[in-house]
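Naming follows writing order (A, B and C), and every chain is counted from residue 1.
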Amino acid sequence: MRKNNTYVSERSKLSLKYWFDITVIIYCLVVLGSVVIAYTITTFELVAFDYDEMDFDAILSPPLSAGHILGTDYLGRDLFSRLLLGTQAYLVPGIMAVSIAIFFGSLLGGLTVFGSKSAKKVIKISTDLLQTMPRLVLLLLVVAIFEANIYYIMLVVGITNIPTIADLISRRIDILRDKSFIEASIANGTPKYTLIVKHILWYNCRILLIGQAALGMAEAILMETSLSYLGFGVQEPTPSWGNMVQSGTNYLLQGNLWSSTIPALAIMFVLLAFYLVSEVIIKRIDRSPD
Amino acid sequence: MTKPILEVKDLSVRFFLEKEKVLLPALNQISFHVNNNEVLGIVGESGSGKSITLLSILGLLQANPGIISGEILFNANEANINTLEDISSHIEIENFEKADEKITKKTNTWNKLHASRYKKILGNQVSMVFQNPRLAFNPYYSIGKQISESILLHQPNTDKESAKKTAIDWLKRVKMEAPELRYNNNPYGLSGGLCQRAMIAMALASEPSLLVADEPTTGLDTTIQGDILTLLEEIRIQQKLSMIIVSHDFNVMHRLANRVLVYYNGFIIEEGNTNNILDYTSDEHHPYTSLLLNTEFNQHVDVINKTKDTDNSQSKSFFNQCPYYNNCLKVTPEISNKCQSSIPPLLPLHDSHKIRCWRFEK
Amino acid sequence: MIFRAGILKPISKTLFKEFFSSVFIIILLSMIIFFLVYISPGESLLQEYLLNLGGNEEEFSENSGPINIHQAYFSWLFASMSGNFGVSNSNGLPVLGQVLEFTANTLYLTFSALLISLCITLPVVMITVSNTFPTLSRFTNILIRLLSFLPLFWVAYILIYISTSVFDYYPLATDYEEITASQFILPVILLCLGSGVLVEIVQQLTYEIKRVLNEEYILCARAKGASVFKHLFKEGIAFPLLNLLSNRIAYLFGATIIIEQIFGWPGIGRLLWQATQDRDIPLLLCAVIICACVIRLSHFIARLIYVLINPRASHE
């Protein structure tokens, strides 16, 4: 067979689509790269940031004012340093929430392959139970019982996302079963572990899972901002983007737009980058015809 | 002489395998025609491109880049419609002859144009029996509904009641027992053979002038097979139907087909009248056809031991040798060089019997 | 006609099955919530509440130590089974009436939000899937994500700011009794944007439709000249939507709280929040149970519709 043949669809090098894709990749690299850099800088304290220092001469100053690139908040604290430090609140907990949801979700979903009736029932009841519980109540109760720690919050967010993933995967399994794929693999002598992990989760569900991971990240971070609004998120003076937006909005209606807009946009740009990365990955591995 | 109802000229299809970055030649310059009220049979090994040919004729080919050149002419109301008209303006091919080829296809605009051209042809002119009938029925509607749907679509001024009656009538004609009950059955409630028959009923119900059938008798047992073949023959005579029938089964060819094409690896390697092709006593066959005929009719021939030891690593570019060279047992020293360095053309033998093999060069 | 009659049996069977599992789940849920309330600080309130239920006064007053959780739970369960959820600690009114009224308010919000998000997402999905305007579909897809990735309350404040400073109109409800259409529309739109409904519908539906479009029966429908949409509808659109919408109602019940808080909307989210803030245990327990009932009911209805439109469900 001859190699190195090329097939080029409409995507010629000068087309709009091509430049669009390049921009997307550069965008993702820049945004996620700077998040990771900010995270490492603040974790290892490579550069000292005075996130708590109050500059009373420049309260609620707009971006690009003297000494403060992104302006200051209502106490005159530098927004840029707080933004960098805010990554601490999200990166690890957010990834934790997503991995909990995906790991246990695929575990529960995957277990339905074996189709023993009682196992299915137990799985169904436990996912239904999680789904029925209003998530916010659970969050509020957990915060009330323990403390307003971001890890507890993300744990609850992750756990309450399990049913969605389990449901997606078990529906996917039903479709595969319909096509006699699972029966054929079992008849082939594929070990059950290989069947679930490799054939079902990896080959047939990875697109779904990657999409859900990006969504889950968004949900986790937005959940924390919502909780911050109610006063249960990460507690001041430790900065998180959620409580920065929250404290900023108190002054928004008087016309001080910047101190809440900047962290809000930061959240949006980072989440968009996560989404675009998931889209790029999906495009690369999706081999179904257009 | 009237014009043929369907004419295919130089149809070439490529598939792009993304992972391997290879363009797979699925069909190479296929040309044939189907006359009015004639049955054309296609035989060939699995994966030789038979289904792809049928899907291309119906404009249903989806993977990239798909059809890259050729003409498909439908003769409708004495006017020829070329559904691949203008395809060259949507496609750029560089170095078609050389090893490295680059194909650029504007898939989006092409698909739209293609679909609009086929709007009037599908169902009215041509309908298809799919290879895998269980998957080809929508599992969420009863088969009866799907059959009467295609009646309602293609026969204007029929109401629902009469469509239902006709559908039941068709189910009866394909030898479904209790057709009134089967009308409400869903596809998953039918066996493969029953689905096959319902599929044939659905394809015939829209009363096309060309029926394209992809292995219509594979899932059926011998008695039903005979019934279905009789039915197809009957309908062909009654309704002046033309057909293209794909099958592995020489028996089907023998009973139905007027002419037969033999496929190998995306090439037509032999074409001719049925009695010429199926004449296993004759020696005027392509080596692959003789192999097929021998396995079918002279079972004592031990084919398995007769495979050739070829050194695949030495074989040159696929495009520049006879497609059958790697398995051919009839290469003689005189033509061996030719076989290795060029693709033989379809060489005419006598009354429209053509063979793609250098042995028959005069 | 024999085949038609057969459909009733599976429906009634699923009805029963779903009903009993729902009851079981709600009881289980009440246990969990009760336990969480029990271990949360301020347990004397729980005791006081149980005394207010009226039933077993002597029993508790005898041993003034910590309440036995089994006893407490069962006395609550039996009281609530008979519809007596007690009276609110904060305003002394029976909780059930309040909760039902507030739930109805939230349901208006959630259903309108779901409806509007369907109106927004379906065209986007259709454009994406049909691949007619690739650039447009790409931009609308990203736009929807952009809007959904913004913090909800920030968008709300910005919109209020614009409305007051540019249009000189104050969009917040001041009088709960008469909520005008214009006061209603802003919260509903915000709820669509801020709860991830849009993204989830777009993402899932696009995926499902693309999957179904590759099925062979769609190819067959096209070969017949039939409408692809019709054949696609059940598996590609109806089933995933039923699933998504019934799942999202549960989520929306939590997400409304921010909106209700900002716009002064008397809804269940706010009630729940107030209840946890004030440690108003009767109110909290009652609200959680009612929420759970609504969520189970929506799942139940979704399941019913699914069984009705899917002839295969009776085979499962």
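Assume a residue touches a chain if its C-beta (ideal position, glycine included) is under 8 Å from a C-beta of that chain, and two chains touch if they have at least 3 such contacts.
What you are looking at is a predicted structure, and each value in this text was computed from that prediction instead of being measured.
A complete topology is adopted by the chain contact network, contact being made between every pair of chains. Comparing mean CA positions across the assembly, the chain most remote from chain B is C. Of the two chain pairs examined here, B-C and A-B, it is B-C that is joined by more C-beta pairs in contact. A straight line joining the Cα centres of chain A and chain C is 22 Å long. As a whole-number value, the distance joining the C-alpha centres of chain B and chain C reads 53 Å.
The mean-CA centres of chain A and chain B are about 50 angstrom from one another, to the nearest whole unit. Counting partner chains per residue, chain C has residues 131, 134 touching two or more of them. The residues of chain B that reach two or more other chains are 62, 108, listed in rising order. Multi-chain contact residues of chain A, defined as those touching 2 or more other chains: 289-290. Of all the residues in chain B, the ones that touch chain C in their complex are 55, 58, 60, 62, 108, 112, 119, 122-124, 127-128, 130, 132, 135-142, 149-150, 153-154, 181, 184-186, 188-189, 202, 206.
Listing the residues of chain C that touch chain A in their complex gives 21, 24-26, 28-29, 32-33, 36-37, 39-41, 131, 134-135, 138, 142, 145-146, 148-154, 157-158, 160-161, 164-165, 194, 196, 199-200, 203, 207, 210-211, 214, 243, 247, 250-251, 253-255, 257-258, 261, 269, 272-273, 276, 284, 287-288, 291-292, 295-296, 299. By the touch criterion stated above, chain A contacts chain B in their complex at residues 1-10, 12, 287, 289-290. Interface residues of chain C, counted against chain B in their complex, comprise 2-4, 131-132, 134, 215-217, 219-226, 231, 234-235, 309-312, 315. Contact residues of chain A toward chain C in the complex are 16-17, 20, 124-125, 128-129, 131-137, 139-142, 144-145, 163-164, 167, 171, 207-208, 211, 215, 218-219, 222, 225-226, 229-230, 242, 245-246, 248-249, 252-253, 255, 257, 260-261, 264, 267-268, 271-272, 275, 288-290.
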